[in-house]
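In this document, chain identifiers A, B, C, D, E and F correspond to the written order of the chains, with residue numbering beginning at 1 in each.
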């Protein structure tokens, strides 16, 4: 029998975790695997810098080491903190949401754009995308220039999100990735406004995790 | 309300379609989307060459144009025939399985290997992976040197599949993609034998499609 | 003895074929190889989309399979439809004009620009150039935004062609490729106006074909 | 009226120049442009090192500056000495044979191999190919390990050439470039032995030059 | 006035720090900057895994934050732990030794090889080099397969180091990087044995730091 | 005992050599290695074109061949003329300043910008950076559009240098390389004005040379 997919919010803001929980409702169906969203208690209230991101790595490693029951783990922060370390100690697959969001985008368009929250994150994301070897397909990354909290509010910030999305489309993007764990409320409206696919990275990671877990157990028929 | 995910087998061998159907059982759950596996009647009995692959493009375009009810479409041939053309006429997202399989592999390891059926396919796949811009992460591709039909038989060909998998691991692969739509029976055993993840490209594509469809409709809660 | 170089216009517009014929006059000299320009009767009147391009592949494969006398074949459409499939069935070398035009440009400058006809083609061309592995040398591609028919008219559209050419030069291009089979009338005037080389892709492909054929036969002295 | 295509042998060995002259017989037809093969008197007897290659740059620049009548210039040494400098002073296009040979190979196959004369040249060629941005398509380069003089002798060295060619084919090459100006005698036999295209870089450069010159003059009908 | 260059050994093995101190003797001259080698007390005895490497990041950030007097900081572990985070909090430049070692190697040869300690590190280093964008110049990385402690012993392990170095030379390396902070004793002997440059990454980083600090202060004449 | 580090100014303008001499004062300390700045008498008064650059290669080769006492050689021209040829004849390591400046910049930021003197140099530098394989990390190169002589004057041209620096920062540069041997007077002021590191390529090359020489001799303690 399969354990749950753990989706870990590495900041200590429980409201973000609740948002993840709602965003993942489509994956909750009768039958395994279940989806559990957790808050990393040791995390900062928000992860907004390289130091914030590095500060949660060891707590994540301990959490992952403790949860031997997990069928899959998703680290729900766009900086993908500790993904490699967690992979080295986990008994199950581990996904980072930047990685999963970008890879899913590459299945939907030829050149992708990223909506970042803060300008300071762009260089960090770019280093990560270069490490992934996918820079030839990046059309551009642009920042909203708001706080993480503001970025997650649907109505009041959508106009800004759409403006950045249009700029990314002008850069040549034919698919957009939302560059934060808490922007799912903008996914469908932005897709409608731009007429090109918009990827929520948490949903993208959980889809990969869900499919992998479902197909890994003979009882589910994957390789019967 | 959402229509089905169509998984199209572009060859006319109904046994292959039945195999796809069994492989996708894990995605069949109470509630939408449903998964329909179809045989392309106009296809050749097997797709083993560039001409075979190109010959099915226009029939696929017509099929896709006719099925306006589809919520998503997966072209279940590792040559990804007609994916761009189908995308241009479809009302819904379209996935190719080589693309989805490779991208999913990139979320599970740093360098991937591909188990091809025939040596002649390797150059074609390589061109496609260069077009994707992911060659820096390819550790190697090696062929079984058997027929498509033989490759899908579990017991009798597994020894050969394992031998090729071990060679790919020696090339530096830390994740393997099965380079054909009909090799799902080898996925779990090869993963167990090699100790690294093995990706079935049809399951990878359907996981992406399933997640995208599930998260696209407010009724399912994706952006509530 | 050597057969002709076949230059195939994959659309059914005979006026385009006649234009090719005139553009290739410089290659018609006493002695082999001869140059034959053909119209693909099954082709659409113009190739303006991915589906148009894919629709001519199988007719091209049949034509190539029938013409066993050809010494070389050039597919004269900038989408390079069916080039790989034709190569797999032909007894002689096959050139696509996008491929030949871009490669010839790389021998004349460090960074090239492409004048496309329609904006929608740019993404398709970019995928092809990424597959070729030459994106690091692309300075830019820009579209005229006219019909294929308009693009081939010398006087009335040259002002627009020059404007796009100047923009590509500002992007950093030091050589320009005309991104369509029917724009040869603009080659010399654009070269004069911009002061940098301008490549007609049909002439580029035929030059490669002509040289290859001339040098392949001992009777012509290639390796005597 | 058009002047001649100058093919400059930058070493002072007149026998090499005579070999070039014979190799280019297929391009000599009634009508312009004519092909003149020249020996650079100031050159060393053979160009076998970085210093040899750099030593001929300024003499080439002077020669090119003096020959204002040339319609095109080909520098017939696989190190492509002085090509950029010659371009900056010439009134006409200038080709290097490594550049032209590799680009022509890329129109004939997906991955190319190079037959070098001496092991010491491989790193120099590799730097040049990296500068061209085409390394993703190099399958391998291997050296004969003989003198330039030996490499040009048909019968006695062909066995060695074929052995190196087979090794390059095993490396994944589907087209071969002869990595020296004087190996044309091996082109047709090696092509026959390997069953894949073999490119002589001098013929490749002259084909490009010939086509460019032929198509540049209205009198020849290029843009009439 | 300038403070010291801090060279931080992020493991808690004081013998390693003493080795660094001896290796950096050539940089100790009358006049600033001074070189201080420190042991990170919170570090593990050796850094041999992703988790070990991540575990020292926050202690390094704190140490760097406390040492406002430093003129430059070198993190002396080949995994380059915490370099980005330290850069974000430091008042002075920060170097990682993998980064500095590889970049210095690129100034000495065209293709570099890396002598790793353990096979498990190779994938981690490769991800880092891909992030740097320098993979096109990597000829190979090979592991000694010994403990960190053994790798630092001059006489008894040199035969193994030389064997791995020869293999890297056969891979095409024309310069070698020692892939650990404690292998300086092998630098000169390996360089003598192989006849190609061998880079100690700590010395490479300190040379960059030393030059930067020396040239940053008008009193030293850098921009007088 | 170690000989001097030779820093060769390949133009014949002695004032430039004197400027180099002042810029390298920070490297002159009691003890070896000494730094000697030389003027190449055969050089042109300024190197401003491809031909100028190529014209000094053979004189540099002769100078390097004559100075068997050198412990290291730096060719102090941003075109890096003759670096490969000098390496092939020298008994000691040879650095080019473009190469060293760019590599040092890569240790200080993720994306670099280059301040060129003349627009015409940008394409030449770009070819060189592509050969280095570092284009993925170039944010931009922009020219001052002044003479070499003007570029070296501190006060009067700093406003222009700062303007170009700000534009490069807007392009995404987080570190700047001064693209000429004679701009050291702008290094510290530009760094202060932009708030990001600015690299003088001569100082960068000499730091690498100095460190290499210091660490190469057992008497200095490098591997004691």
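Of note:
Everything below uses one rule, namely that a residue touches a chain if its C-beta (ideal position, glycine included) is under 8 Å from a C-beta of that chain, and two chains touch if they have at least 3 such contacts.
Here the structure is a predicted model, which means the values were calculated and not measured.
If you average the Cα atoms of chain B and of chain E, the two centres end up 44 Å apart. The distance from the centre of chain A to the centre of chain B, each centre being the mean of the chain's C-alpha atoms, comes to 24 Å. Centre-to-centre, using mean CA coordinates, chain C is 52 Å away from chain E. Chain A and chain E have Cα centroids lying 34 Å from one another.
Shared contact sites, meaning residues of chain C that touch two or more other chains, fall at 127, 130, 132-133, 136.
Shown here, the protein chains touch in an arrangement that is not a line, ring, star or fully connected set.
Chains touching one another, given as pairs, are A-B, A-C, A-E, A-F, B-C, B-D, B-E, C-D, C-F, D-E, D-F, E-F. Every residue of chain D that touches chain F in the complex is listed here, in rising order: 49-51, 54-55, 57-58, 61, 82, 84-85, 87-89, 124, 127-128, 130-133.
By the touch criterion stated above, chain F contacts chain E in their complex at residues 22-23, 25-27, 29-31, 93, 95, 99-100, 103-104, 106-108, 132-134, 136-137, 184-189, 197, 200, 203-204, 206-208, 210-212, 214-218, 220-224. Chain contact summary for the complex, chain A toward chain F: residues 123, 126-127, 130, 135. Contact residues on chain A toward chain C in their complex (touch as defined above): 110-111, 136, 174.
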